[in-house]
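So that we are looking at the same thing, I have put the structure below in structure tokens.
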């Protein structure tokens, strides 16, 4: 019976999701990128080119059958580097979101549940401080104060990302808190923690996951921008933003060095945005 | 023919939703003569609003699908009207008071502005150009007509600043400034408390009385209908089950559904399924074959499971769609 | 949509209003000829205060706005500029300069000895920019009379005259009129804020507009070289009326502007590929200037494992110099010793390090780290602003891999690199850096090995070697040139044995220039190969005086 | 009356938030290794000059003392010295802000108008070919990072097609009109110089489009969604039922309520574009706050970083208040809430 119900629900969700062909496109793109990232060693035509590799004889080759996206100035296959670059883009997104979300959510739950107390005030004012300038500015500022590495860039983005979840969950939890089942739980003497995590949190999960999917694109976008400025991943790490940044110096002569990584950045972000929108449409109706 | 203001014949309207096609209107027949006031009653979700929206061709297509039937308005088939003709018809002939006055008023425009626009375009349809002053004057007049205190202030208010009763009156005012021939009132005052609803209905009655306008009044407040209309249609699950003069219907309901409905009174607020009728309104996705009331009908006969009953005239314009009163 | 309409209406209305305005100035019957532009891009910031500016673009701008007492002539020797002549007395401790009469500043004040004293005092008091060249040596500056100025030295400094072109004279009156609030007592901010965007000089050009973070616009000035009719200080034909120094090095932008002839000359940071492409497709000429700078891999001699001389030598022998000058930096040359071969005092007797893996292994085996190679990782930092350095680092990595040494590459923005290199702990094993000379002699290069330079970007080696310090100090104090060069040779040998640095190449500064520009180096320099010119050391481009622009 | 109170309340709370922001940046700046004074004076400067500058900048004091100095100076309108330009940060900001402001406002206004046009037409004719085109394009638009578009547009429109200038605010030889507002397009009109106006306009097209491409797409999507939602509202059907022409319904009854969500994000978008200007201004050599900010960040010029971030914070707060007022003007429901709250 239960599995029947779940099957029915899954069917219904899939219908709502697949109603928009763009969502399917997003799903396909995202799944392919994840698979390529995981199996980069096998998929990439020249996996050894990903990091340190010098072959000046084959440098600056335009796209050919041998090197579908050409080679860079050190003779490395651009496509192989892009495939490995997916790893770093995904790593950035996954780690930023998985680190920023839990504290953001917990603070939001707490502030929402304790609405109009000093806890609420403190948490939300602090979140306001982080949201008082555009995320890009704050990320740049934080990054510029740290040593420029991929991990510090992640740190900088994480630092400014959590308040978005706090704000989202705050709104949800402060309205859920007035529901009867919460009051019932309170009457039966459940602890605050168990109310937060056991009662309120499950009701916030689907907006949180939707936002996370939609945020993947943003994180990658900001991350690649940081790399572009030189505050993110460092060569020879095959980071897409860094590849665009370094390759852009050789436009228009060797346009492929930066153009292909740029296209793939666009593709990743596009894929996640489409997927996220599809998920949102799917979950919105329920 | 010219006597008939509206003549709906065998109207089928379906809606396309996720689960499939809902067959909502299932051969609706409906007539209203000039100057006549007709009530339309039935449970929530039985297709009353869909029926009247069809008259003005207001249904969103898709999801709505007009499967078949004709709607004659002053002799012209509404379903075949061009965009232009439709607009003229809406400006001059028919107007509607929507079910929910909160939703029907644009929240971001002042009341005067909204009424003004309607005056402007309906006058335009009559071939008159009106000045701003004219519009303002007419607006104030109509607000006075619906017994709004301080019309100047009301004009400059946003809907949100008004009470429910006031908003309902604004909706009536809006309908009044537009059309002259037919007024459709979709459950006016349903969300108001009883005394205000009563006031609103009485006001509406007086106003149409003065103007000699035809009225279709949708309601599930049976008492309200009783005092206001000449004739009543009873609707169940997408088709008309009974039509009669008001007194006849109330004194002598024939259709098993009508009977059950009256037994369920007094019940002034709408919403749920009236008590006293067993079962629930059918699923429009796979409605019962034949008479749609058959699963709930204590008198269901084999024939009822086969074909939907047509209207049988039992005299004096009292029609009923039930095999108890006709057929083989 | 409304906003768009409003904007459109505003534009139309404004246009209408403008059209209907009475045209006040009648069309000039004798229209002025279109000004001749000389526009070039530069890496910023450009600081035009002679007491503040010290980097490339600043030193390109300042000589056009100000004059020095002496200059390096096109023939490569010290010649007169504001000073007509000079005397050295007191065993090389007193220098007396006779000033030209009638030199007017841009504000119309005559330049006298007082102005020179003021300028030197200002430079030394502020202690920024190029002051470091004079601070250790100049004791006192005095105005002997209106046109005579005397410098007393603290100690002997042999090459002082070759350094003097780096001292620029300001018009005291103009500066004093524009003092702001600041930390110098009566002198306020010493005119610092004003001089950041204005000039108080006598040069052939004057600041027309200084758009911070965008560009410096200079316009031709009625130059004293013209009024006094002095040969060598007059404008050439078609000297640019307006010079713009544009603060960008973004390759795509530079390329675009060159293609559209909106730029006369590129900066020197353009990738070689880009320049070659421009030559091929846009009729741009590539010019190269054999520089005095070296591209160095500076090895930290006080950090494991590069603290071991054999380890350093192994690196020096394992590096592929050949590939650098052929593949990565075409048009450059290999270093034949420890300094640039064009520098006076260069010792040609040293056998330069070249790639030789056998020797490298030999050295490596002698090093104390030989048996722990697996645990070793060398960190190499390269400057983010110079993309080609990445390839040097990659090559280094590949070369070291052949010795079994693993390398970590770090890209670092220049300014943060300076920071890193200021700290002995933070300084990495190897840094890829361009080193330029302070003055055109071997001493001007090797002085970076002095301990005083250790905490700066000029030295990542952290030699902190007292013997070497003493040798450098002694050489610089030697007034006689022959003796001095002798001492330079010893220093070179000493450094050679320490092997603190992998000398990657001798730079050739490559720029693109429009073919309608007459570039002075052709005339004054010596053509080395197809397009590379060697220029007298210390020679500076006074644009209007050497560079003519033919109509594009 | 209550609106004033509301604005005052918002300003006050913004002040607190900005205070927190300055504290945050200051604390973070503690993480910076190395010596800003050495950086400022150049590698060759003598140690005593560096020490003197450290003294002046209070760099030898603990961070909270530095913060105290900073705050007391800010109250006096002094944001400290920039290490990059060697001038007062306040002066620098005054100098650089107009260029950025002009770029941002110009491009945001143009792009918002365009976004609204696209969103309304797409939403109105939902699921049409046009709608799908707009939707797909806007998805791609959102996904293109601004630096990618900047480089591409320089390459395509600057280098290949040579349509637009790619550098700075004015062409060579064009002397800026007398500075009144610092906005070249305004100043040139004040000076009656249409030629400069046009020149300034052309210079703004590539950086402007790079700055707002993503936001334009986002706003178009928001507008579309809101139009689609409002189209199904009863009041639109009611308006139709009264025979109000479709054109009037679209441009009036539908547009105004549909704009509310778009306007609500515009404040964030304008301020967000200030963030985007950091990269764009660097690529296009636009002498604005962003370029200044990047220079400051790359040289650990803390006073300048804090100044720029604070200014953007102030701007952000201001824009949000203004946008709140506009949405309140558009939407009486919000106005009521504002008045009562």
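Order as written gives the chain letters A, B, C and D; numbering starts at 1 within each chain.
Assume a contact is a pair of C-beta atoms (placed from the backbone, for glycine too) under 8 Å apart; a residue touches a chain by one contact, two chains touch by 3 or more.
Predicted, not measured: the structure shown is a model, and the values here were computed from it.
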item	value
Innermost chain, where centres are averages of C-alpha coordinates	D
Pair of chains joined by more contacts [C-beta pairs], B-D or A-C	B-D
Chain whose Cα centroid lies at the greatest distance from that of chain A	B
Chain centre separation in whole Å, for chain C relative to chain A (CA means)	44
Whole-Å gap between the CA centroids of chain B and chain D	52
Centre-to-centre distance between chain D and chain C (centres being mean Cα positions), rounded to whole Å	37
Centroid distance [mean C-alpha coordinates] between chain C and chain B, Å	88
For chain C, residues contacting two or more additional chains	252, 255, 413, 416
Contacts with 2+ other chains: residues of chain A	147, 230, 248, 251-252
Overall pattern in which the protein chains touch one another (line/ring/star/complete/other)	other
Touch relationships between chains, expressed as pairs	A-B, A-C, A-D, B-D, C-D
Chain C-facing residues of chain A, complex	52-54, 56, 59-60, 73-74, 147-148, 230, 234-236, 246, 248-254
Chain D-facing residues of chain A, complex	22, 125-126, 128-130, 132-138, 140-147, 217, 221, 224-225, 228-231, 241, 244-245, 248, 251-252, 255, 258, 262, 265-267, 269-270, 273-274
Residue ranges of chain C in contact with chain D within the complex	1-4, 7, 14-15, 17-19, 21, 35, 37, 39, 45, 47, 52, 54-55, 126-132, 135, 183, 192-193, 196, 209, 211-215, 242, 244, 246-248, 250, 252-253, 255-257, 259-260, 262, 413, 415-416, 418-420, 422-423, 426, 456-458
For the chain A and chain B complex, residues of the former touching the latter	12, 15-16
Chain B-touching residues of chain D, taken from the complex the two chains share	232-235, 237-246, 248, 252-253, 256-257, 260, 330-333, 336
